[in-house]
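Just below is one structure, and these are the notes that go with it.
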Amino acid sequence: MTTPPFEIRPSVIKGDPADTYLHWTKEIMRLESVNPKVLLDFSAARDGILCGIEEVKALLGNVLPSSENDSDSEVEVWGLEEGEEFKAGEPILRIICNYASVALYETSICGILSSCIAWATAAKECVDAAENTAAIISHGARHIHPNVAHLLDYASVIGGCSSVSTNLGSKTAGRSPVGNMPHSLPLIFGNTVDAAVAFDKHLGVEVQRIVVVDTFHDEAEESLNVAEVLRDKLRGVRLDTPIERGGVTPTMVLEVRNKLDQMNFQHVEIYVSGGFNPEKIKQFTDLNIPVHGYLVGSYISSASPNDVRADLLEIEDKIVSKRGRLPGRLASPRLERLI
Amino acid sequence: MTTPPFEIRPSVIKGDPADTYLHWTKEIMRLESVNPKVLLDFSAARDGILCGIEEVKALLGNVLPSSENDSDSEVEVWGLEEGEEFKAGEPILRIICNYASVALYETSICGILSSCIAWATAAKECVDAAENTAAIISHGARHIHPNVAHLLDYASVIGGCSSVSTNLGSKTAGRSPVGNMPHSLPLIFGNTVDAAVAFDKHLGVEVQRIVVVDTFHDEAEESLNVAEVLRDKLRGVRLDTPIERGGVTPTMVLEVRNKLDQMNFQHVEIYVSGGFNPEKIKQFTDLNIPVHGYLVGSYISSASPNDVRADLLEIEDKIVSKRGRLPGRLASPRLERLI
Amino acid sequence: MTTPPFEIRPSVIKGDPADTYLHWTKEIMRLESVNPKVLLDFSAARDGILCGIEEVKALLGNVLPSSENDSDSEVEVWGLEEGEEFKAGEPILRIICNYASVALYETSICGILSSCIAWATAAKECVDAAENTAAIISHGARHIHPNVAHLLDYASVIGGCSSVSTNLGSKTAGRSPVGNMPHSLPLIFGNTVDAAVAFDKHLGVEVQRIVVVDTFHDEAEESLNVAEVLRDKLRGVRLDTPIERGGVTPTMVLEVRNKLDQMNFQHVEIYVSGGFNPEKIKQFTDLNIPVHGYLVGSYISSASPNDVRADLLEIEDKIVSKRGRLPGRLASPRLERLI
Amino acid sequence: MTTPPFEIRPSVIKGDPADTYLHWTKEIMRLESVNPKVLLDFSAARDGILCGIEEVKALLGNVLPSSENDSDSEVEVWGLEEGEEFKAGEPILRIICNYASVALYETSICGILSSCIAWATAAKECVDAAENTAAIISHGARHIHPNVAHLLDYASVIGGCSSVSTNLGSKTAGRSPVGNMPHSLPLIFGNTVDAAVAFDKHLGVEVQRIVVVDTFHDEAEESLNVAEVLRDKLRGVRLDTPIERGGVTPTMVLEVRNKLDQMNFQHVEIYVSGGFNPEKIKQFTDLNIPVHGYLVGSYISSASPNDVRADLLEIEDKIVSKRGRLPGRLASPRLERLI
Amino acid sequence: MTTPPFEIRPSVIKGDPADTYLHWTKEIMRLESVNPKVLLDFSAARDGILCGIEEVKALLGNVLPSSENDSDSEVEVWGLEEGEEFKAGEPILRIICNYASVALYETSICGILSSCIAWATAAKECVDAAENTAAIISHGARHIHPNVAHLLDYASVIGGCSSVSTNLGSKTAGRSPVGNMPHSLPLIFGNTVDAAVAFDKHLGVEVQRIVVVDTFHDEAEESLNVAEVLRDKLRGVRLDTPIERGGVTPTMVLEVRNKLDQMNFQHVEIYVSGGFNPEKIKQFTDLNIPVHGYLVGSYISSASPNDVRADLLEIEDKIVSKRGRLPGRLASPRLERLI
Amino acid sequence: MTTPPFEIRPSVIKGDPADTYLHWTKEIMRLESVNPKVLLDFSAARDGILCGIEEVKALLGNVLPSSENDSDSEVEVWGLEEGEEFKAGEPILRIICNYASVALYETSICGILSSCIAWATAAKECVDAAENTAAIISHGARHIHPNVAHLLDYASVIGGCSSVSTNLGSKTAGRSPVGNMPHSLPLIFGNTVDAAVAFDKHLGVEVQRIVVVDTFHDEAEESLNVAEVLRDKLRGVRLDTPIERGGVTPTMVLEVRNKLDQMNFQHVEIYVSGGFNPEKIKQFTDLNIPVHGYLVGSYISSASPNDVRADLLEIEDKIVSKRGRLPGRLASPRLERLI
């Protein structure tokens, strides 16, 4: 995947999302004429998949003094790569520069990494649970603020999802969206078959014909109805049975598959959605349920941020640390120089 | 609290964060010349505190046709108020308009509400746990993407927090930040007392002198050191003992209070941070531990989104519903007309 | 309920189902010319609802010597009443006679009571769980040997069921069967509506028109289909959704009720079946789900026998007991003289 | 074991224990002149040991038209063998005939199999727990209705029990009963030794002399008392210590064995009873407790029926199925043609 | 209870059981000519019943300088009373004197109190569980080193036991021992009745005739045997059924009571032993089992020491404390001046 | 370890700590002129490490008649060795003599073994948990009555502790005490560094300079303070952080180690105390935390006595036993003749 050009908002560059006490600290340092060179290490609270480092790099590229112009000291930024696995407590990002240059960005850097790592790691868990038997499609945008929905999508792809649900997310992650329809389409057409026909009639060939089949009738029955009309043009059906009707069960998928096969619709793929998480995907995988794709929403979007913290380990090349922290930098041969 | 003027980003107005299938649905409807008047109800998966409705209102004000100019049908938007309690499944927002007008915003509306409700509700739980004995200060920005950090802060205040940690968040929520310092200040000054003196020397009187006292020495010892230097100017101390040293315990607060009192520093307040959540706050409250303020970070910032969904309940005044949903609108006398 | 005339099979009268060691004991007593008058008390291992006492009375009426003709001693039989509640260990049946007269029937008496008490008690638990909001219909015959299926049905009615599923059971219990159809009827007609029409055409007015609606289509959809054809003649629908499709859920019943009401079929009753037990019935009751009748099968038929034992407490008016048993008869004022 | 000639009661042949709705179905089919050839598969809810298939075969032999005389279609019955292990959901019985011929027997067939399978499987679990170190003797007749007590005994032997407790059960299962005495014998003789002497004096040599030794005195003490009188004629003692006295424990058996051996009664076997189940038998087996036979009562008799259901899978050679069931017959190479 | 004259061993007075570092501390202080007046508070880790304070008082009486002769400072000792309830952390003993005078006794004082409090508190729990329906007799000496067995007995009486098992313990606690016999007596006489007769023949009238009845025969049987011989001279029987035979159960006591009463031995009391603890005593109490006395052994003797610690709270009237402890003395109005 | 000369107190020799009923039994035997030769086996309730056998041997040496002078029978005493592992129920001590000779010592022998075995076994568990990475130092005297504190220390060394805390215990166990100081020393000197200097100035070279560093300041800080003053003379620091401050954690030890090393104090050892038990030691061991010694207090001192019982198995060479016990002696080839 080519790294997308992350756009950093001006307010972030101004330090607006920084904790106020960092502004005060920078101001006190200025008035006291204190601005030592420091080494800041960032690490996460739990094991995970790194994500957000590219966005952080873009941010630092905007705000750090270029080394040539910085009379005081050389700036160095080191980090692991996007998508790399790491351990709790391991340095994932290291910044060496005068403290005033980076003070206002500690909050934002920690925040970018905490969110993106959590989403990528959750996506990875789903991908692992499917054991290469099916695609995982991230569909969680509706559960999360639109300011970050495209980043959720991007992180899902870093974690291994094959595609994502939103326009901006697909663009950010460099993936085509999967053909799919909301329940509102059959509801407005009053009929799933009519909705499917209209979908097929108007959309380009690049959009797979995958029809949601639980809106009005029994899923097996409706799958056959749609298949009989679209026939070879039908790429798949999506089962999204609400929990009020028992949700999508392994036996339901088997039954739909069985009935499609008996009517010679072996080419029709089955996609499922509704409350899928690694545990439920694993259950389907272990039973060899013939699913082509799992649409995963809230498991990824509600992943608890993997809190990233910054530790000041050296000041003017002297080892420092607050109580409770091991002093000095950890040897981290996997870190690559980013800036 | 006066409602802040929520700025809606142009890309949201263009529908960029929308699920792609909504773009396709709108396009199919256009080509089929179908655009019925619909009633859309939004409800959340769990009980909570409403937050985000003002931002949604600002979004809809930008994108819905004004009723006068809309030849087809009247637009109505109804909702509960910011900060109001609601039950799972209860309508919290109702939109009546032609479907094409709202199609591209369903994802964003659900997302705004899912995130903001979760944060406000988590903040409320902390506030309730303190039972009016202490302030709750939201300090979670570093755990969440900077694009939404100010909204986390805003939602925390809606949930009852007295103040928040970021510059933009304080502005959005209309609150002054609490005087406070990061560990980097004493680390850079090499000494907590010197850091405290510099803090006091350079910052305006509107900033409370609250000094973090666990960086180098025992908390009780350092509290006395700082108090003896700043004396009446010291507003409070902050205990942030890392978990590696056992975290902040009830007996530690008692001991610090006791020692401050014995040296006649009864005026010095005690603030605590580090892993506080409603359960731990409740434990302190039940033991009457003399805390003036709890700084709460990840409990609020990692609150799992309270998934909001949109149900299409009426189309051209006819009751509709997908399988598994009760058809027709629920009577909701608490809804107020927003637009 | 009038007590049915229980027919006792000749082999039971001959003592064929008795434990062989009782035959040996009787033979040893005969050869030793020993045949004392004894007092035998029967009690159950757990609390319950008495059932089977009428059948036991019929058996003893066949085998005990009539007192007039018995030169040795007077025969007495005392017991609680059919349907009465009792405690674990409490005497529910007391027989006073020469031991040889009753020796061969101890096994059968314990067996009749153990089975029938268990079924009646389980039925009572279901009835209690419905709290008078709905009927309980016993439908467990298919889970139990046909030699005792009618007794399961009889015991269910003693426990409070309003009707039962089998021909012989209905006769034994003196109840009319509830109108109902198996899935084989729609399967053979290929169509639920056709099956319903045939059912209505050929059966007498005493049979309620209750149609099973989950065979081919969604339950809500099929309920409307059937109601539109049979209209006022339709008494009810039965939901028997298989567990592979999530079983019958509270929300499904609400949805069917809601859709029937919106189409003005308020008179159509809803019956449910499939894995119902007191816990699940209680859940529906607590949620005020509008169910008219619960068909309960295996919960009643698989009730674990409430083991009844016989204790020899007096021999020739002398108190005796084996180790571990309290000697002597318990005062039991509730016992009524049966023979 | 030779299969016993199962006698089918006339009322079963008349369909009296059938669910009433099957009578109605047969009647509607007659009036509509509908009677397709069908394939009915029977399967059980849990894994188990097949039992009852011989009785079902006897029933079908009485009621199915012989193929020669049946103008419409050939009758076929296939099944697994008595005593064979099977999996949940696997076909254990398959009937192919016109539906009207079998309609009234579905309830009884399911009932016979559900009960008998449960008993045989529970017996097998006890036999497995003893790991060939001891015999299992079924002694549950007193916990179950006398109409089926002999079938419980028969099924116990199918499951591996070496003998059973009732006269009719022993005959049905083709086994001799084990010599044994009830507590009433010593109670009536007032003395265990006198009871043992009378037992020995009057019963034929084919009855083993096994004496129950917990009626009046300590088990070890009474075992020695009895052994000293009967000496070589004593086959064994039975320990049935009531739970009020702690039940039979492993150390008690060891102590009795030890004391018998020290007095040179190594030939006297030890039988135990009272609440034994596979778990308790396994505990004794694992500790190498020297038990010759376990008398098992309620564990087998209270085995929860293993619910057997019938699925209509083909009608006039066309595949059918109700929702939630996989359509079509499963390949079942282990099925043997029975009729 | 009159306080017994506690004899303090010379080695304790010499400080032999003191932690060596206290000897070093005293030596360093001597060489540095430092010996401030201090306030030492003793408190326990868990709530309990005070015991050992009299022994501590005797120890301090031997080692503390009398105030008149002490040129430096006045000696004060304050404490709660023997048998008084206290809370965790509450001062139970306070010593004010020059530190060198008490340094070598801190270990012993803590040790005396930790052990004695634990035993008294455990005894109290048993007494409370019996709710005044029966006596508790402490019988734990055999589970604990003979150097402290009499103190276990003394503490048991402080906790509410009516009597104890050892000679020295009875003397220390000022109680008469309860008439009782070990199993060795019947074993040596080969017969419980003979042992009972010899017991009755040779012991003075002040010893109750309580006979252990589980050595050879069934408890109920042996109780009657003994009662028939000793008749009115028999005070009671003791049931000590080993766990290998199921232990003493509630129903066994009922059965023995019942059989004694039926033979007109209502005057014979029942004592029980073997694994009794508060939970098991409570079970018997709740069931109204007619027990006259519980012999409790290891529950009391194995009570985990309630660790008592000493805190140095004032030095030369100045408040001091180590980290983690609240500084200064707690107001404790319940403390009485002991010395 | 050379066995210490255990001094047996005269009152034990007089039988004062014996259960009174043993005095009565001896008196009855004397008056009946009964005094058979018996075999008494002692065994423990749980697996463990033998301790106390040397003290028992010293006791028996004082009280048993020497075989030459005993006209009646030969005296034999057999036992396992001090420190040997044994199984529950296995004979650990066997005494063969006339019963009257040993009757009064059964209580004391059981008591000595029950206590000492428990302490040695608990010590062994701590030693095992450290897996040879660190010493275990027993420090429990203050939790247990001074009459037995030296025996606790002795048993700890039998279980593998390298040293103990008390003077008398060190002498009994033949070990030198470890250099250490109580918190009272720094409290009295008002300063940990001054206390350390005085400790170093006045104590002999055989006492290691190990300084407690948590009294006033942060442990890491104070460790450096002390090391900078004592330098090469400092053997180690002891961390005893109170639980109110989170106790000693693995990361705290790492941090102290790290900071000492960075200042070139690699020679300073780290000792820890405060609530350590096998589980917590194992946690440190598994994490390779660099601890030199664990001071263990209440885990060893509060070890529940491993109840030892005496069984009379032979009387005049005839096998006897009470109900519930296997009769006769167990073959025990590991027993060695002690007397």
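We just call them A, B, C, D, E and F in the order they show up, numbering each chain from 1.
Keep this in mind: a contact is a pair of C-beta atoms (placed from the backbone, for glycine too) under 8 Å apart; a residue touches a chain by one contact, two chains touch by 3 or more.
Since the model is a prediction, treat every value here as computed from it, not as a measurement.
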Chains in contact with chain B and also with chain D, listed by label, are A, C, E, F
In the contact graph of chains, the distance from chain A to chain E in steps is 2
Among A-F, D-E or B-F, the pair repeating the B-C interface (over half the contact pairs identical) is A-F
If chain centres are mean C-alpha positions, then the most distant from chain D is chain B
Rounded to the nearest Å, the gap separating the Cα centres of chain E and chain F is 22
When centres are defined as mean Cα positions, the distance from chain C to chain E in whole Å is 59
Going by residue number, chain D touches two or more other chains at 216-218, 241, 244-245, 251-252, 255, 323-325
Per the touch criterion, the pairs are A-B, A-C, A-D, A-F, B-C, B-E, B-F, C-D, C-E, D-E, D-F, E-F
In their shared complex, chain C is touched by residues of chain A numbered 216-218, 221, 241, 244-247, 249, 251-252, 255
The residues of chain B that touch chain C in their complex are 319, 323-328
Listed in rising order, chain C residues that touch chain D in their complex are 9, 11-12, 15-25, 27-29, 31-32, 34, 36, 38, 99, 103, 106-108, 110-112, 114-116, 139, 141-151, 165-170, 177, 180-185, 187-189, 198-199, 201-203, 207, 214-217, 241-245, 297-298, 301-302, 304-305, 307-309, 312, 315, 320, 322-325
The chain F residues in contact with chain A across the complex are 218, 220, 251-252, 254-255, 258-259, 262
